[in-house]
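My structure is below; once you've seen it, I'll send some questions.
Order of writing sets the labels: A, B, C, D, E and F. Residues in every chain begin at 1.
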Amino acid sequence: MIEIIIYVFLGIGVFFNLLASFGLIRFPDVYTRLHAGTKCTTFGSIFLSLAVIMYGLRLWYLEGFNSGNSVLVIHTIIALICILVTNPTGAHAIARAAHRSGVMPAKAVVDDLKDDRKKGRGRKKK
Amino acid sequence: MKKFIVATVIGFLVYLLLTTSSGNDFFIWSYSEIVVGIIFAIIVGIIVRNVFIKDNFRMLNPVRWLVLLVYLIGPFFISMARANLDVAYRVITGRINPGIVKIDPKLKTDLGVTMLANSITLTPGTLSVDVDEDKNQLYIHWINVKEDALKKKPRDCKYVCGGFPKWVRRIAE
Amino acid sequence: MSEMSKIVRTISNSLFPFIMIYGLYVIMHGHLTPGGGFQGGAVVASGCALMLVAYSSGWVFKKVKESDLSVLESIGAIGFISLAFLGIGVTFFYNFLVGSNLLFGEIPPAGPNTGNLNTAGLLPLMNLSVGLKVIAGLFAIVAVMAFVASRGMRKK
Amino acid sequence: MIEMILHAALPILIVVTAIIAVLFKDLVSATIALAAMSLLLSLEFYILQAPDVAIAEAGVGACLTTAILIISIKATKRMEDE
Amino acid sequence: MIDAFMLTLVLLIISIVISLIRVVFGPTVPDRVVGLDTINTLVIASMVIFGAASKEVIYIDVAIVYALLSFVSTLFIAKYLEGGRF
Amino acid sequence: MKNARNLIAATALAICAVFLIFSSIMMHPFGKPSDSSMDDYIISNAQNETGANNAVTSVVFDYRGFDTLAEATVLFTAVAGVIMLFRREKHE
């Protein structure tokens, strides 16, 4: 039973990771590529880590309470938390750097940030 | 002094999490691990006490952590799954309508703004690009701009991030 | 404009103690798990570089001076060499603590096991001194270079 | 069989990223390619079951080397002269 | 079970190759950084998978180190691109 | 002139490639060194003699301690050089 759950989780994780790299190729500009590259890899990594956590819990149950398998479960949870914290922050840093270095979104309907930055710069010059 | 004690206790708990199943003197830890962990936690607490906690001790309340857990498992995870299906749809069809909008979530603390920005980055169709340092307003790249949202100048929150500011206010303020 | 945005600063503040605890864990468990003085020292130095990039080099040099970093590195080097000299009664680098009832004196059972921290004699102490040396040295290189780069930009 | 594929594919990727890092004229792009090479090299060490070297490569190669190179580029000119 | 993990690892390597195309042909520098960020997360995921596949408990430590430190190099490049002083 | 230089470089590259391919064909199988007496000694005795579970650390810090000493010297020299090169002048 639990093996089927592990297989399903592995399948979902690999599907979303592949989707992320295809989205990276297909989208037209930096910001939409960040959408694919951040969300899909984070979601896929969550499911891959959940599969490993299930596997470790199963080993922990089979081999007894004092075997070393608790390290597998807890360290995977810590790695998952690190990914969840650092990944969106890195995406935010890249997006801000791209906008400040002059890469504008392609085919944009509305761009409030550009207008506000232009206004602020004008005020500083006066 | 209070900052030092909080940083030390949190460092010690993290060290205990890292060294599970090292013996069976004290549950699944051995005494030598605990002694070394206390020494390291004191060193780290002395170094980071002014950086780790600025001035507020709101997150020490365990009820807030419980609400955070409920938030992560419930609405956050569901909207994250919706986000990924949305991205899959856009990868296959290639239909986008992007723009950068400005919203005013009316949050006061740094932690609240950080949590809201990271939640927005991981949920459907939105990505936080920049933050106003004084007024805590967020600039958000939106992959599919709706016409209704463009009427007022600080755009309406409910189109972009749903009920997230309410949850974040309950957790971090 | 020398600091990064508010989100990056908040995340760096809450991640910095965790990186330090993790690096000290890698240094201290060098004789049980993969890692050791050099690896853990590189991890802690990278954590300090995270603070340097989130704030600025001027902010870092208000907290710690480069002469302090030099002193820390020298303490690490002297500790390592004196630990090696302590066993000069038999040979240089003689591990005299193994098998005695002093600090870190036990001998683990043969074969694969989860391990006990209180083993291996001089090795944890040497790991600690090398770790101190690597932390101070690598962070001093990065911080001094960043400070000189920003000062050169200001002069123009 | 699957391990053979891994041991054949990863070194080819490492060589490709190294050649890219040499060929770029923009130094920031070359640094990015070098960081990607360092990541893949660490994965190769990890698959060859040498986690000690993998941690050292992670700390020094992927983080501190990138930092030092970026700081040096900041203090000098960015584009390479023809 | 082990075969499933190894097959997952091969698929992750294929996805790393596809992301590498964006690093090579990205028209601007931020595009290349996005590719590097994606490769970071994929490498962390494959390290976790291989640690479970080889049944070595202590190998997961390397994945934690990578998850913490790859973020720092991304921040350095981002700070250079937005023109801030170090 | 430039043509001749390219020719020499191509020849050297070809010779190097031939030797590398030959050595990779003649290489030992993975995990089986040609002389394994030293490895066997360390694998069987390291845990008992130094008391460390991780054999790599026992080699680096105990059996081959002088290498680590030299590495520490290299790092010390590098840090001293960088700090001396980028020192802050007092009169500024």
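One rule holds for everything that comes next: a contact is a pair of C-beta atoms (placed from the backbone, for glycine too) under 8 Å apart; a residue touches a chain by one contact, two chains touch by 3 or more.
This is a predicted model, so every value here is computed, not measured.
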item	value
Lowest number of touching-chain links that must be crossed from subunit E to subunit F	2
Most contacted chain pair (by C-beta pair count)	A-E
Longest centre-to-centre distance from subunit F, chain (CA-based)	B
Distance-to-centre winner among chains (Cα means, whole assembly as reference)	E
Separation of mean Cα positions, subunit F and subunit A [Å, integer]	36
Distance from the mean Cα position of subunit E to that of subunit B, given in whole angstrom	22
Centre-of-Cα separation between subunit C and subunit A, whole angstrom	30
Subunit C: positions in contact with at least two other chains	4-5, 7-8, 11, 15, 18, 22, 26, 33-36, 38, 43, 46, 49, 53, 114-115, 141, 145-149, 153
Subunit B: positions in contact with at least two other chains	18, 21, 117-118, 128, 130
Contacts with two or more other chains, residues of subunit D listed in rising order	51-52, 54-55, 58-59, 63, 67, 71, 74
Residues of subunit E defined as touching subunit A within the complex	1, 4-5, 8, 11-12, 14-16, 18-19, 21-22, 28-31, 33-35, 37-38, 41-42, 44-45, 48-49, 51-52, 57-58, 60-61, 63-64, 67-68, 70-71, 74-75, 77-79, 81-83
Interface residues, subunit B side, partner subunit A - complex	17-18, 20-21, 24, 28, 80-81, 83-84, 87-88, 90-91, 94, 96-102, 117-118, 121-122, 125, 127-130, 139, 141, 143, 145, 150, 155
Subunit F-touching residues of subunit C, taken from the complex the two chains share	30-34, 36, 38, 66, 70, 73, 77, 80-81, 84, 92-93, 95, 98-99, 104, 106-108, 110, 113, 115, 119-123, 126-127, 130, 133-134, 136-137, 140-141, 144-145, 147-148
Residue ranges of subunit A touching subunit E (in the complex, touch as defined)	3, 6-7, 10, 13-14, 17-18, 20-22, 24-25, 30, 33-34, 37-38, 41-42, 44-45, 48-49, 52, 55-56, 68-69, 71-72, 75-76, 78-79, 82-83, 86-87, 89-91, 93-94, 96-98, 100-101, 103
For the subunit A and subunit C complex, residues of the former touching the latter	68, 85-86, 89, 92-93, 96
